[in-house]
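When the chains are written out, they are named A, B, C, D, E and F in that same order, and each has its own residue count from 1.
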């Protein structure tokens, strides 16, 4: 961790190495902290407004108030980012995160903790996925159902996803988990959405069982602009095994080609497959960066 | 919060007000932190060994290693407790907690964060439950199922339970949530187990859908010693509404009488009801403190 | 109960106080009775034909034959209503109900019991909901699933809904229950449908798990006429807590604004919220009565 | 229906033909009525006290108060029975039923309706089952789950069971439905419990998904007295098809031999099979009547 | 079985009576064999290409490779059919089946078994369904869910469907089973899809829980051409009992009118009902054969 | 495959290379074939009678009659085995299988196919599991539920298990799948049962969701004889990850030590762990062969 980076904690900009929270913070004690993360492309922030809209919806679901407005949150975000951008190379980029936890309970009640921070994107460690495709594995662990806790609110209760990650990576360190929901349909992986392409249609799980990723909606919009039919639908393993292409989206990945699911090669195994390539290229056009190249250049 | 109290953080004893973790700690970022809590009775710690056994089982499930042995953990616990006991009155007591989080990810991997701390028990704010009985409300939110994340491992993903709490307390601030499991049977509340008594039998939900509370097992042992039949079983609302008595157990409560469930008075509404009273009295005998009186004296 | 009102029982018009059924009627012994209810607005009956269509579908599902035609049923309905309208003030209105039970089993088989009756609408006792908004609470009890008994047939097996009502009103007497279906999605309350509005879309649960209310379809039609997008969809608690507005529809309520769900204020808490207000106003236009005013005038 | 029989309605003994309830009674409008039924053997009432205990448990679950004590209920029961016994032959017997409905809602609240009545047992129409065995058919309709409405409370919401009955009898008029619960295990039929015998063990579904029949518990007690192992367990179709014997219990049947389930002959198809015969004989001994003969004599 | 017919087995055309597989073939040992079946109309094969497309999708799901291309498979199919057509009358027709099993495991691995064969269509034994309508019965057995094994891949694991068949035909030999899926919606029967018509809409279960029959898609296309609205949707028993018409599709039946479901007459009980008749007539037009007449002429 | 071995097919002993079935056999067309398999130890057959009892139960569930008695089946088994024993070395052993398929449908009905055969046990290819322990992986595919097809009847519909096998072995060729049942509890793998040992208790999944393996019951008996507590219970992943030991039983394995589940080492990772070792040793004593050594000697 670069100790020179700055973070914002409860009204103050501090060196990240000094950015701490009390051991009594309920974001720590209960995992009761809501967050959202966007990234920069060529040092420019991506869809901050959409991310903050989603952030404030998550907060509402979690019955937390950040006690600052969306506009203030945007301003602090930009101020923080500007402080940190000079610390990285021009071909590097940042994740940019806002986080509000339940804070520390005192006799006067609870005061939320507000944290903003940045992390350089891990291009190198994930570059291989763009070269060889991602081996997706469906773990036995199922994604938390909405009647327990909605996966649509970005709350820091990630143990379900971490267990899924342990399950697949302890067998194959490269494996990326995509979990089934309680009904047996594909849902999502850690901070990532799943797509298949079949007969030219671009299909992704319905929003109810997954976080409505901004990269997911960006991809759906780009697909529509390319004249492709898009669909939010129940996707089961038959759909996956007989799909022509598959990919994963996330803030960092944008669109990452999938090689196989549970060891079964998707389509012909081309990386990236034709439509995935067109979408990735459209995404690069939108953000003004060759996304694939940004990853592959680190190999 | 008493700022003079001492906490243990990663090998050092520090003032609690200085006890902090990095904002990059995965216990905060993912709620991926395992803990266990016992308490003192008359300043003597209760079943530390049983609690640590359970703690290390939770850690194994979570695939975390604290990197110190159970014996070392016990020693640090006692050392910390001794430092803090002098700060409270003789009729006060402490919760004593061990906590291991996934720590901060660095290029060298992850080093777990180990925290031990104490909190004075909130006798006053809960005393009313011993006088009038606890109004239990069953929320619509269901308890996380084992195929998602086992409720038997004490992992700090409490958003499910916090949502349940918001749901019932925003209607009645006194209400205590006990959630149904995914099969529609009573499971548990935040840090607390549920019991009914029917025809002299002491019945509590099976372990699979709930944390196996130490107070729960202590109560089952005491019941057996009193010659009462005990049972771990599926309990549905018919069982609850036709029960003779009901109570909640937890480290702090020990045994807390329940007045009503969803507004339906349990049995004749006596607080505490006869067998609950015998169990509470046996519990007081075991720990050498009049538990009920410790609460009621603060009214 | 006004004892001067007239009811129709098996071919005869009788004083309501004399309107009785045998204790051996299977409508009583098994709750095996099918019904439908419309109401008057300014003493004019509303969508009688639509209600009778639904009524005869319920009868078909229940494998009961009323042994009179839909036209005859309409005629008797109007005749009965006319007899009773003179008993109420001009600003009062009636519920008008047709009911067919399985009747008494005799050695010759079963002869259905046919009953028609009217009840003055309870404007006063419900007026407060229009002033302050309805506090909806989601009980732990789930709505009967179609593989057990279809909620789409209006059969008098209301114990499921009555239990839900007891559950929420014993905690808050003003609370209105909306039950989850077995999949964890919002379904319906006693004789009432649930709607949310989000980003200008008017959304209500799919028909499969709820009675297809005539007020529900009237509202969907009015929304479409106002140029609003409408949707029948799975609605979970995330949708509800992040909705902009919510309301309940029923024959008596037409459209009743919702203040909160499980204590969480919906949108900004305005009563009625803007789109709800437009819909309510369009409903009033359709029926020729200021619906809101009819309720509020009794306060 | 014998019009000379007497019934008890809300404090008065009346001719059954005059025994009526208001069309506004919620026992009729909502099926919200709780009941229990025992029978006579040789004109002597059977386990009245056990039936009334269960009755008052059902009432408690239903949140209804009959406003008379269990002792008063017993007295009225005996008084009514005595009035009616003289109306039947010495070899006939009665069902004896207590029923409490939610009554009529008035401005002062609700006053429960209390009804007691008797019906001669239908020996003739069911005699064939004792000669040829009962053809059980498992319908597609599933038994109401406890999270919707507990099947353990004898509430008059029988539409689920009536639908099951229609489903099987419209294909085979002799068929008796035993429904699966939501988990796919055998539960119960209309007013009747199901048993299998395998390797000498007497097995019946667990209480949670079925009414805890008094004939069911009597059979379990008799089996134990005969030295047979008894078990309450999940029973699926594999258990049924590979069972040695099967039978159905109910207040009227006591123990009725089953010939087949879904057309598959149980065991060797002997009617009654050996252990069923021993149990039936023990039951006859207990009640002082040859049960089988009482039925068969009507053929 | 006509012993003169020819079959294709692993590269050779042999007399059907000599067409055998090893007892070690995994198609036999595990039921692990994938197949597809089309038929002829007036000796001309129907939609071979669509059937082979589906066949190769099933193979992909099953992770089996036939080791011959789709074109080769088509050629062998036509060659085989030509050899066999001369063996039947001009008004008879064939089922034509391709089948690939996992084959025999040897030390060198597994070599798939490839079989093609023909069977004359059973017009006579099924003719009655076209005259009187098919009595559909919904068994208690549920259709295999996708998370266990996708019903969309035509794999020869038919025990689930065979059990369903035994269940209904042992009660009524004419009954045709249509199973519910695990969610309680209508799915499919052995090799057959189910449709209802309501208010002029042609509705069939969604593809996820059923095989996507070619006759099913042909029917949907014909309906669209006739200007009828079509819908793939969840269909429960309420939909079925209140439907105007119902029918079953399959390769042999094309469109077979349904008289009743669980003994409840569908619509007015006309065979065929009006829209079914129009669809059947359009189907006949498409294939150049009077389908109904082909069946009825054998009575 | 040794082509000199003899098999029994429908009344005749034939060379295995000539042992064939018609391509019209429903055991092939529908996977509708029931079987059972025992093995020899030192050329002596193991618990033939118990296996045949289970076999005839499976047949009864499947509604198939082999048309020969259990005694005849035993005689043929022994005769076949004797013919084949001379073909293998003294330290080799056989699987011995009886199989009855639904046979070929003819105009006269169906005549079951009866096959008996032997296969040498694959000691070499599985020896490694005894040295290093078996890496168990829980696939995403769930075990067929009883309401679809009972896993307790040994029917040759193995596609569910084969899919599970493909899923785990395509990621790790050594991995052995143990599937979860639909409730999320451990059930079974292909022809194999799963056990854990915790606090000295020997625990295996309940019979309802798994085949009641003879090796499973043998192990339970041996454990009881060794004074160990045994339990059939729901086992979830928390139980597994916190278990002290785990092993898999099957006819061939007897007791095979498990190293890890989903990559998490069980207990201390000792192979075999202490209690597993005692059980394996007792099993060896029972069968008169050092089971572990029989495997390890091939390495």
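As a convention for this text, contacts are C-beta pairs under 8 Å (C-beta built on N, C-alpha and C of every residue); 3 or more make two chains touch, one makes a residue touch a chain.
Note that the coordinates shown come from a computational prediction; the quantities given were computed from them, not determined experimentally.
J.: Enter the minimum step count from chain C to chain F; a value of 1 means the two chains touch.
T.: The fewest steps needed to get from chain C to chain F is 2.
J.: Among the chains here, which has the CA centroid at the largest distance from chain E's centroid?
T.: Measuring from the centre of chain E, the most distant chain centre belongs to B.
J.: Would you mind checking which chain's C-alpha centre is most distant from the centre of chain D?
T.: A
J.: Hey, how far is the Cα centre of chain C from the one of chain E, in Å?
T.: 44
J.: What whole-number Å value describes the gap between the mean CA coordinates of chain E and chain F?
T.: Taking the mean C-alpha position of each chain, the two centres sit 34 Å apart.
J.: Quick check on chain D: which residues sit in contact with 2+ other chains?
T.: Answer for chain D, listing residues that touch two or more other chains: 63, 140-142, 145, 147, 166, 180, 184, 237, 264.
J.: In the complex formed with chain A, which residues of chain E make contact?
T.: 57, 60-61, 63, 145-147, 150, 152-153, 208
J.: List the residues on chain C that touch chain D in their complex, please.
T.: Going by the criterion above, the answer is residues 1, 7, 9, 16, 19-25, 27-33, 62-63, 99, 101-102, 104, 106, 115, 117, 140-145, 147-149, 155-163, 166, 182.
J.: Quick one: in the complex, what on chain C touches chain B?
T.: 137-142, 166-167, 169-172, 175, 180, 184, 237, 262-264
J.: Of all residues in chain D, which touch chain F in the complex?
T.: The contact residues of chain D facing chain F are 180, 184, 234, 236-238, 241-242, 264.
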